[in-house]
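Order of writing sets the chain letters: A, B, C and D. Residues in each chain are counted from 1.
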Amino acid sequence: MNLGALLPSAIDGLLLGFVYGLAAMGLTLIFGVTRVVNLAHGQMIAMGMFVVLAVASGAGLNPYVGVLLAAVVGLAAGVVIYVVAVDRVINAPELTTLLATFAVNLIIIGTATTLLTTSPRAVDVDMGALRSGGVTVLGTHLVAVVIAVAAAGALYAFLFRTRLGKSIRAVAADRAAAELMGINSRRMLALAFGLGTALAMTAGALLATLFSFNVLSGGTYETKSFVIVVLGGLGNPTGALIGGLIIGLLEGVTAVVIPVSWVPVIEYAVFVLILLVRPRGLLGSRQ
Amino acid sequence: MRGMRIMAAAAAAVLVVAACGSGTSSGPKTLKIGFTASQTGAQELTSKRQVEGIKLWADQVTKAGGIKLKDGTVLTPQLVSYDDESKTDRVQALYTKLINDDKVDFLLSPYSSGLIKAAAVVGEQNGKIMVTAGGADDATMEQGFTSIYQVYTPASQYLTGAIDLMLAMDPSIKKIAIVNEKDAFSTGVAAAAKPYAASKGLQIVVDEGYDTGTTDFGPIVNKIAAAAPDAILGGGHFQDGQTFAKAIFDKQVKAKFIALLVAPPEPTFGDIGAAANDIVGPSQWEASVAYDAKAAVAANISWYGPAVADFTAAYNAAFGSAPSYHSAGGYAAGLVLQKAIEDAGSIDPAAVRAALDKQDLLTLFGRIRFSTDAKTHGKQTAHQMVYVQWQAAADGSLSTKVVWPEAGRTAPIVPRQ
Amino acid sequence: MLRLRGRSRPFLPVLLLIVAVVAAVPLVTGNPSMREELFFMLLLVTLATSVNVITGYTGYVSFGHIVFFGLGGYGAFWLMQALGVHFLVAAVLGVIPAVLVAAVVGAAVLRLRGAYFALATLGILEATKAFMTNFDPAGGAVGLSFNFSIYAQYGGAKSAAELAYVFMALVALAAIAASYLVRHAKFGLALMTIREDQDAAVVLGIDPARTKVAAFVISAVFPALAGAAFFFKNGIIEPGSAFDLTRSIESLVMVVLGGVGTVAGPVIGAAVYEWLRGFLITSPALASFQLTIAGVLLLVVVLFATSGLVGVLRARFPAVREWLE
Amino acid sequence: MSSLTVRGLEAGYGGVPVLWGLDVDLLDGALTTLVGSNGSGKTTFLRSVMGLIRPWRGSVVLDGLDVTRLSAHEKADLGLVLVPEGRQLFTTMTVLENLEMGATVRRARPLMRATMDEVFAMFPRLAERRGQQALTLSGGEQQMLAIARGLMAKPKILLLDEPSLGLSPRVTMEMFTAIRALRRAGLTIVLVEQNVQLSLAIADHAYVLAHGRVELSGPAREVRELPAVRAAYLGAAE
C-alpha cells in the first residue's frame, strides 16, 4: 500500500465522476418522467462514442464538435425510440417496458456490431496536461468536466426555467394531472426520453475523448449508471450527479488501498446495501 | 426436429475456401477442417489475423494441387467455420456441430486460451485431432489430453524471457511492477513471471490484475507512479495493452523497461504514437527472424513449407497488410497438420497422431515439436519467443525492431527514455 | 380463473411426455450434435420455467436469476474437482449455496417492489460475479477446470456427457412439474394474489414475505441443478460464463415470448427462442444480423402479442385452449 | 354558452363494467352535483368524460362537438377541466409552478398573470406560500391549490371530484363557500361529493347515481326532499 497514489487517484476519480454523473442523469431523467428503466442506456453511451469517432476520424473535424453532435443525435434517437418502442406499452408492467428497451438494445448492438465491427477504437485528443508534484491531470479530463457541468447546468435551466421543462417535471410528478392541465403527456414523455438519451450520448462522447472503446463498451458504463442512479435516488437528476461524484471518488480512493480488481465488488455491495437500507437513495425524497 | 436438421444442413458451409482441386484420375477428395472464429467480441481483431493465416495456407495448398499422399490420393482442404462471438458458452456446441454434422476430418482452434480450453474438451471427447494456434496457456495442455497439439510457445515463457532481456540490458534494475489482465492466458503468464523475478532477486512493488475490457487505467497507473518501479511487465491482449501503454505515457511514469503481452507486436500498436516508443513485446514470430533451410540443416532437423519472405509477400498480396504473429501462427497450424498427414500417408487419426508425436520441424514460424509426456501431451517444447521493441528513427518515425534473440536481432535494445 | 384451475384435461402429463420424447431422440438416434443442441434448449427451458415462478406468477422481475445457475455450477464443480465427489451427489449439494442465497438475500430484497427489486437482483448478480472474479480459492477470473481424467469414473468423456444430458432432461422435467404444481396449489393462488395486490393478500390471510421467499427458493433450485450439469459437461467454469447478465435477461425474454405466468409459455418460449437463434447464427445470410432480427422480433412480441405465443395459440385455435396452460 | 351532453356512457376497468349507460346534461352557468354511495361510479364518470379512461360506448358532446374520443389534454384545451380526487398536485413543484402549469392551454396562457392575481385574491393563503413546494402545504391549502390550478386553465366547465375529501369541517365550509362564489361568478360546475347534504345545499341540479346508473335526477332542491334520498344519504350524513 502506497498512499502517494491517494491524491492523484482521488482527483482522477472525481473528474471522471462528473462524466459518470452525466450519463446517470440521463438514465434517471428517463426513469423519473416515464418510469421506464432504459436497458438501451449503455448502448446509447456507446453510440455517443462513435459519433465522436465519425466526426474526428471520419470527417477530420475537432472531436468536441462530435460531442455537440452526439447531444443532438441523442435527442432525436431518444424520441424515435420512445415513439417506436415504448409509447405503446408505457402503462404496462415493468417487465414489458424493460424488455421493450432491451429489444431496442439488441437491435442497436446487432446493427452496430455488423456495420462497425467490434474492433477497438480510439480518438486521439491532445489537450495537454496540468502537472504539479505527483499529480497529472490531463486536459481532456478537465474539458470533459467543463462540458459535463455545462450540460447538467443547461438541463437544469431547461427544467426549471422554461415552460416546456416545467411541463416535463409536471408529467414526472403526476402524469394524469398533467394531462388534465392540457399538457400533452406523450409529447413530454418522448421529449424526456430524448433528453435522457442526449445526456447518455453526450457522456459517451466525452468518454471517447478519454479512453479507447468499441461497439460493446456501453455495458460497463450502464451498470455503473445503475449504481449511481440508485445511490442518488431513482428519478433524481441532482442525486445522479452527486452519486456520480461519489462513485468516481470511491473508485479512485478504494483502488489505492485494495487491489484495483476488488473495486467493483465494493461498488456493487454498496449498491445492494443502499437498495436494502435506503431504497430512495442517499438524496431521494420520501414521498 | 426436422427443422433443426435442415437448418444444420443449410449452415454447413459458412466459409468455404477452395472448392475444386486439380482433377486427377482417382478424383480429389476434400479434407474438411473445422474451427470457430471470433467474428465479433473481444478477440475479433486477433482472431481475424489468425483466420487469414489459415485461409492463406488452404489457398496455397489448393493452388499447388492439394496434399498428395503416397497412395495417390489428393486432398483439397475445405474450411468450415462458425462465429464463436468470443464467448466460451457456444464454443462447445459449435465444435460438436463441426464434428458430427459437418463431419470435419481435423480441427483447428479458436483464438485465445479460454476458448481453446472449451473447444479442446469437445475435440478430446470425440477423439478428433486439434492443432491449436492462438493459445499459449500452459494449464490447458496439462489436462491429460491426447489429441490436442499446441503450436505456440507456452505462456509461462512470455515474460520470463523478457526478464532475462531486461537484466541483460540493465543489471541494476531492482523494482518491478507486474500488472496483468485477469484472463486465463495473462494470469498464467504472470503466475510464471513472479517466481522467476523473485529468483533473479527482483522486488515486485506493484502486483495488480484488471478485468477484461478495462479501459480506465488511471487507478493502476497512479499506483505504479507512486511506487516508482524500474520496470513494468504485464498487459493482456491488444486493446487493453494499447490503452495501458497510453495511460503510462500520459501520466509520465518513468520506467526503464516496459514489456506488454500481445499488443506491441501488432503493427497498429504504433497508432498511439510516442506512447509506443521503447515498449517491448514478446512475440511468437517476427518476419525479420528469417528461419530457413540452412538453419534446419545446422540443427539437424527438416525444413518444411515456404520461406519467411515468400509467406510475407503472399500474405501482403492476399490481405493488403503485413502478417502479425497471429497470422503466421494460423498458417503454421495448417502446415503442421499438412506435414503430419503427408507423413502418415492417410487421414486416419491414429496415424496422424503418431506422425504429430514424432514431428520435429523448422518452419517459417520457427521450430515445432510437441511433448509426448502423458501429463503434458501436445504441449509445445521447441518453439522460441522473439522480443520486439518499438524504436524511433532519427526522423522520429516509429517501427518495431527485433531485439532478442541475438541471432535474429535487427537492433540492440535501448532503455526507455 | 376458476376454469383455469380445473383439471379436466391431463395437461401436465401431456406436456411432460412431449418434452421427454423430444429429449429422448438424440439418445435413441445417438446424434451427439443434436444432443448438444437439445442440452442447451433444456437448460433454457429450466431457466425460463424457474424465473417464471417468481416473475410470472409473483410479479417480481428477477434480472439476476442466473446467479443461482452460477452458484450451483460453482458449488458442484468445486466438490467434483477438489474433493472428487461424484457428479450426482455434487449436483444435489451444489443446490445448497443457491438456496441459502435465495432464502437469506431473497428475504431482504423481496421487500422491494417494481424496478427497485429488478435493480437489486442485478446488483446481486454483478456483486457475486465481481467477487468470484477475485476469489482465488475458486480460481478467480480464470475459474476452475477439470483434469480430463476426471471423466474416467463415468466411463469416459462421452458417457459423462450423456449422463449430464439425461440429468439435464430430468431437471427440466422436474422444473416444469414444479411450475405446474405451484400454479395449481393454493400456494400458486397466493402468489398470484400477491402479484395483483399485495395489500389485499395480507387481508386474505397470506403472509406475503414468507410466500415470496418460498417462491424465490423454488425458482432457485432448478437453475442451480442445471448449472451443475452444464459445467460438469463443459469441464471448465469461470465467472463470465457462470454469471452472464445477458443469459439472465434472455430467460426473461423467453418467458415473455412464450407467455408470462403460464406453465407452457416458458417451455415454448425457450424452444422457439433457441431454435430461432440457432437458425440465425448459422444462416450465412442472416448470421451477421442475428441480434438485430432477434431484437425486432422481441419488440414485436412485446408490443403486439403481450400474452406471448401461448396467448396467440389460445386465441387462434380454440381446440388447443384446453391443452395449454 | 357552454353545454355538455353525455349519452349512454359505458365504461369500466379491465373488462369489468362500472358505468352502465349514463345520460347526463349540464346546464350553462349552473352547479350540477353528482351524488351516490362509494362505488356508484361518480369518479369513473368524471374520468371517462375527461378521457382519462376510454369510454366503451356512448358519447360526450361539448358545445355541439363530439369529444368522446379526444384525450384529456385535448379536452382541457377545449375548456373542460377536472380537479381530480385526492388533489394530484405536482408535489415536487412550487405553488407558483403548479399554477403556471394550470395555465398550459392556449386560451389561458396569455392571461396567466391576470388569472393568477384573481386566484390569489380568492385564496390569499396561496399567495403567501407561492414559493413553497406543494408537498409542504396543509391539506386545505393543497385543495385550494388544486382548485386554483384548475381555474388557471380558464375553464368553460369545471369538474370537481371530492373537494372536501380529508378536510376538517371548518376547511370544508371554506371550500364550499369558494365553490359557491365561483358558481355566482357564472362558471359552469360539476361537483362530485360524498358530502351529499352540503353539495345538494349549494347545487342547482342533482343526479343520484347507484351501481353505475342514474337513479334519479332533478333540481337539487327537489332531490333533497325526496324521502328515498333522505333515508339513503342524508340520514347517514348526519
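By definition in this document, contacts are C-beta pairs under 8 Å (C-beta built on N, C-alpha and C of every residue); 3 or more make two chains touch, one makes a residue touch a chain.
Here the structure is a predicted model, which means the values were calculated and not measured.
Keeping to the contact definition above, tell me which chains border both chain C and chain D.
A
Name the chain with the Cα centroid closest to the overall protein Cα centroid.
A
Among the chains, which has its CA centre at the largest distance from chain A's?
Greatest centre separation from chain A goes to chain D.
A-D versus A-B: which interface comes out with more C-beta contact pairs?
A-B
Between chain A and chain B, what is the separation of their C-alpha centroids in Å?
Taking the mean C-alpha position of each chain, the two centres sit 38 Å apart.
How many angstrom lie between the CA centroids of chain A and chain C, rounded to a whole number?
Roughly 32 Å, centre to centre.
Please work out the Cα centroid separation of chain B and chain D, and write it as a whole number of Å.
Chain centroid spacing, chain B to chain D, equals 77 Å.
For chain D, give me the residues that contact two or more of the other chains.
Expected reply: no residues.
Of all residues in chain C, which are in touch with two or more distinct other chains?
133, 141, 288
Give me the residues of chain B that touch two or more other chains.
Where chain B meets two or more other chains at a single residue, that happens at 182, 209, 211.
For this entry, which pairs of chains touch?
Result for touching pairs of chains: A-B, A-C, A-D, B-C.
Report the residues of chain D in contact with chain A in the complex, numbered from low to high.
50, 52, 71-73, 76-77, 81-84, 88-93, 97, 100-102, 104-105, 149-150, 153
Hey, which residues of chain B end up touching chain C in the complex?
Contacts found on chain B: 1, 3-5, 7-8, 10-11, 13-14, 39, 82-83, 87-90, 92-93, 96-97, 99-101, 114, 117-118, 121, 124-126, 139-140, 142-145, 182-184, 187-188, 209, 211-212.
For the complex, which residues does chain B have touching chain A?
Of all residues in chain B, those touching chain A are 40-42, 44-45, 86, 182, 208-211, 213, 215-216, 218-220, 222-223, 225-227, 238-239, 242-243, 246, 250-252, 271-273.
So in the complex, the part of chain A that touches chain D is made up of which residues?
163, 166-167, 169-170, 172-174, 176-185, 285, 287
Hey, which residues of chain C end up touching chain A in the complex?
Touch list, chain C to chain A: 55, 59, 61, 63, 108-109, 111-112, 114-116, 118-120, 122-124, 126-127, 130-131, 133-134, 141, 249, 252-253, 256, 260, 288-296, 298-299, 302-303, 306.
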